[in-house]
Amino acid sequence: MDDMDFIELDGVEKVFDVRRRTGFMRRERRQVRAVDGISFRVPRGEMVGYIGPNGAGKSTTIKMLTGILTPSGGRLRVAGIDPSRERTRLAHRIGVVFGQRTTLWWDLPLRDSYRLMHRMYRIPDSRFRENMDRCVELLDLGALLEVPVRQLSLGQRMRGDIAAALLHDPEVLYLDEPTIGLDVVSKAKVRGFLRDLNAERSTTVLLTTHDLTDIEQLCKRVMVIDHGRLMYDGALAGLHEVGESERTLVVDLERELPPIELGSEPSVRVVKVEGPRQWLAFPAATSAAPLVARIAADYPLVDLSVREPDIESVIAKMYASDSAA
Amino acid sequence: MEGVVAAEPGNGFAGRSRPAEGVRAYGLIVAMWLRSTMAYRASFVMTAVGNFVATGFDFVAIMLMFTHVDVLGGYTLPEVALLYGTSATAFGLADLVLGSMDRLGRRVRDGTLDTLLVRPVPVLAQVAADRFALRRLGRITQGLLVLGYALLVLDVQWTPLKVAMLPMTVLSGAAVFGAVFVVGAAFQFYAQDASEVQNAFTYGGTTLLQYPPSVFAKDLVRGVTFVVPLAFVSWLPALYVLGRDYPLDLPRWVAFLPPLVAVGCWVIAGLAWRVGLRAYRSTGS
Amino acid sequence: MRLYAVVAAGGFRRYATYRVATLAGVFTNTVFGFIMAYTYIALWDERPHLGGYDMSQALTYVWLGQALLMTCAMMGGGFEDELMERIRTGDIAVDLYRPADLQLWWMAGDLGRAAFHLLGRGIVPMVLGAMAFDLALPGSPWTWLAFLVSVALGVVVSFAVRFLVALSAFWLMDGAGAMQIAWLAGLFFSGMLLPLNLFPGVLGDVARVLPWSSLLQVPADVFLGTYAGWDLAGAYAFQAGWAVALLLAGRLLQSVATRRVVVQGG
């Protein structure tokens, strides 16, 4: 059973028929390819980031993976099971956290939701107690158990949702925008929890998010999706290369000088000059050391620092280049 | 194997049937709502009494009518009470068990239906059990009271068959109304705002059945006998018990058909639900 | 003043966008209309001049009832759910600090809604009823106008009642229960289930004096020409009297509630 990957997508498509009113009685129909032939494999135990702009198809993919939506084409398997055909059988093995909707019962106390899930998922009593205690402790839910879900703050509810998703020891956890609207402290808590979960239990994690710090902190692999297509699938580090991102060398010279010129390094260019300080951009993939040496040799260098590119700009560039193409 | 559950979960999950799973899930969710309701006992009693009074007004209106006349459509008050009692109890039961189905449209609208699809139990059971309202016992109670009054006062030749027909009528009637609730919900997959159409059949149906069939135009009677078989909920069996003639020319044994009709309605309801859910899973929200 | 006109127009437009719901509602109103019409035919067959109505007047009463059911929000469906929700969540505090008056604000919106429901859900069933049965429609345009005035007063009374009940959410845990009792009592005492003229003895006397009779019984009688001359003024006075009394009660309750919110901070 383990020679196949845990999640397998082959040319998966999802096409929607959208009808719009263009006049009093007229309507136009067009097809929207929310997911347009996506293929990837996720082996068991990997923590993957799944990012893209709004409307790129992230939520649609998650919905197909969890069995909410049926694909229009292609092949999709999770743990060897086809989610659209065997929804309930798969549901026992997956956990889902929707950032914007809760899986808990709105009007009732947190504890009631958990009690119901205990029975609904047929979790063995001892296992349930263990998981409850652990989640309550790590996610700080102790004081919240008797509070009706609708009275919880967003951060508290999110933690409650995460606990709910894990009580039955799912093999994979899907998180759709889990840190949206959370404050910094809550985000850190959630991230730490996820990291530990993945490390200790080899739970496969698929995380869609707009917050790229989540990705940086948690995922070694990231997939970028735009207009229903996979733009990038690989290591986080490699994202910079593909995005042709640049690092910045901030150089403090002894005095104000004309922009630095290094004839032998055509890919290095000065971006900004402010008095004795100059900003130089160079390809992110290359090492800064030789560059620093060259500058130190030819110019009166006082101090310098290297700035990494932020993923935002990398991704933005990727989206932009795609839509321009 | 520490922490990783790689094998099939639970105990022999694959062996269970869908309806059984559905009923179990329904029971679990209802139990949760019941616990919550009983935690605020005073409030529950108040709303149950309110439900009783509110639904009872319909019979009060009928009683007021009978202060002016002795017969309505050729039927006396106790006879009308029998019709009213059987249909109100049947509807009350269906409303208690499946009344929450009409919230489906709302769920489709705000996307919370997806949350249900992620759980390892049938969606129908979850929608049906959502917000289980024990206060609906009020309607059942007033229906039973009116039925009790009718049975006490009526001058009927009771045979064992006729006695057995009463519970059969109420249960089959509840099943028929239940099927209407499910079809109405399935319709909301298609038109989320159209929950009121369902009311025309459920509340409209109950109102219709409170009165004797002789009151209504032949076409309407035909409609509720052959198209939407509400006549089998109370009219046909009750008229048999009363020894009265049905406005349409039908053989007497038709009065024993309600259980079969209920099964037929549920087959249709089940199909409608599956079609609706499949369409939803194809187009999303 | 213009603010409230805008709010009213907004209320109208808002309900007008629910095309499917309106159609569904028209269907339901029509079905109920037919059911009740047949019932009344059976009743009036037995007693031809019951309650002072002849058969066609009784049937007209049925279709008027269906038309005014949504207009006066006899079964809910108006602003009260929203207001109660805002009170429950505490958002009401924001509303109370606005420069617009709470009661007038919601009333303007409700009047807009009522106008739409009268047009959107009242006319079609009435037309269908007129085609299927022999109705007693007024000959003179003045009667139609008098009817509309009476309906408007009825809507205000209905609003005032619902406003009072909605405000109870400030004090009651479960406002839904109170609302249900209010609207089902309203359904009964407005004459929806049976004309109030048919209520015997003391019950009838009491029912005719309660505010809910302004919602259907009074406008229906205006439509059917029961009131002529000074009697009509009397009818208006009855409706207006209840409207004023209930609105004032609402304002009183509103100021008590406002003070409570301000003191407790929501």
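So that you can tell them apart, the chains are marked A, B and C in the order they are listed, and the count of residues begins at 1 in each.
The rule we apply is simple: a contact is a pair of C-beta atoms (placed from the backbone, for glycine too) under 8 Å apart; a residue touches a chain by one contact, two chains touch by 3 or more.
Computed from a predicted model, the values in this text were never measured in an experiment.
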item: Graph distance between chain A and chain C, where chains that touch are linked; value: 2
item: Chain whose Cα centroid lies nearest the overall Cα centroid; value: B
item: Chain at maximum distance from chain A, centres defined as averaged CA atoms; value: C
item: Cα-centroid distance, chain A relative to chain C, in whole angstrom; value: 53
item: Euclidean distance of C-alpha centroids - chain A vs chain B, Å; value: 46
item: Length of the line joining the C-alpha centres of chain B and chain C, rounded to whole Å; value: 29
item: Set of chain A residues in contact with two or more other chains; value: none
item: Chain A - residues contacting chain B, complex; value: 1, 16-17, 60, 63, 66-70, 84, 87-89, 91-94, 96, 98, 101-103, 105, 107-108, 112, 115-116, 119-122, 168-169, 171, 200-202
item: Of chain B, residues touching chain A in the complex; value: 3-6, 9-11, 13-14, 21, 25, 28-29, 32, 35-36, 111-112, 114-115, 117-122, 278, 281-284
item: Chain B partner contacts - residues on chain C that touch it in the complex; value: 18, 20-21, 23-25, 27-28, 31-32, 34-36, 38-39, 41-43, 46-47, 50, 173-174, 176-177, 180-181, 184, 187-188, 193-194, 198-200, 203
item: Residues of chain B defined as touching chain C within the complex; value: 40, 43, 46-47, 50-51, 53-54, 57-58, 60-61, 64-65, 67-73, 191-197, 199-200, 204, 207-208, 211, 214-217, 220
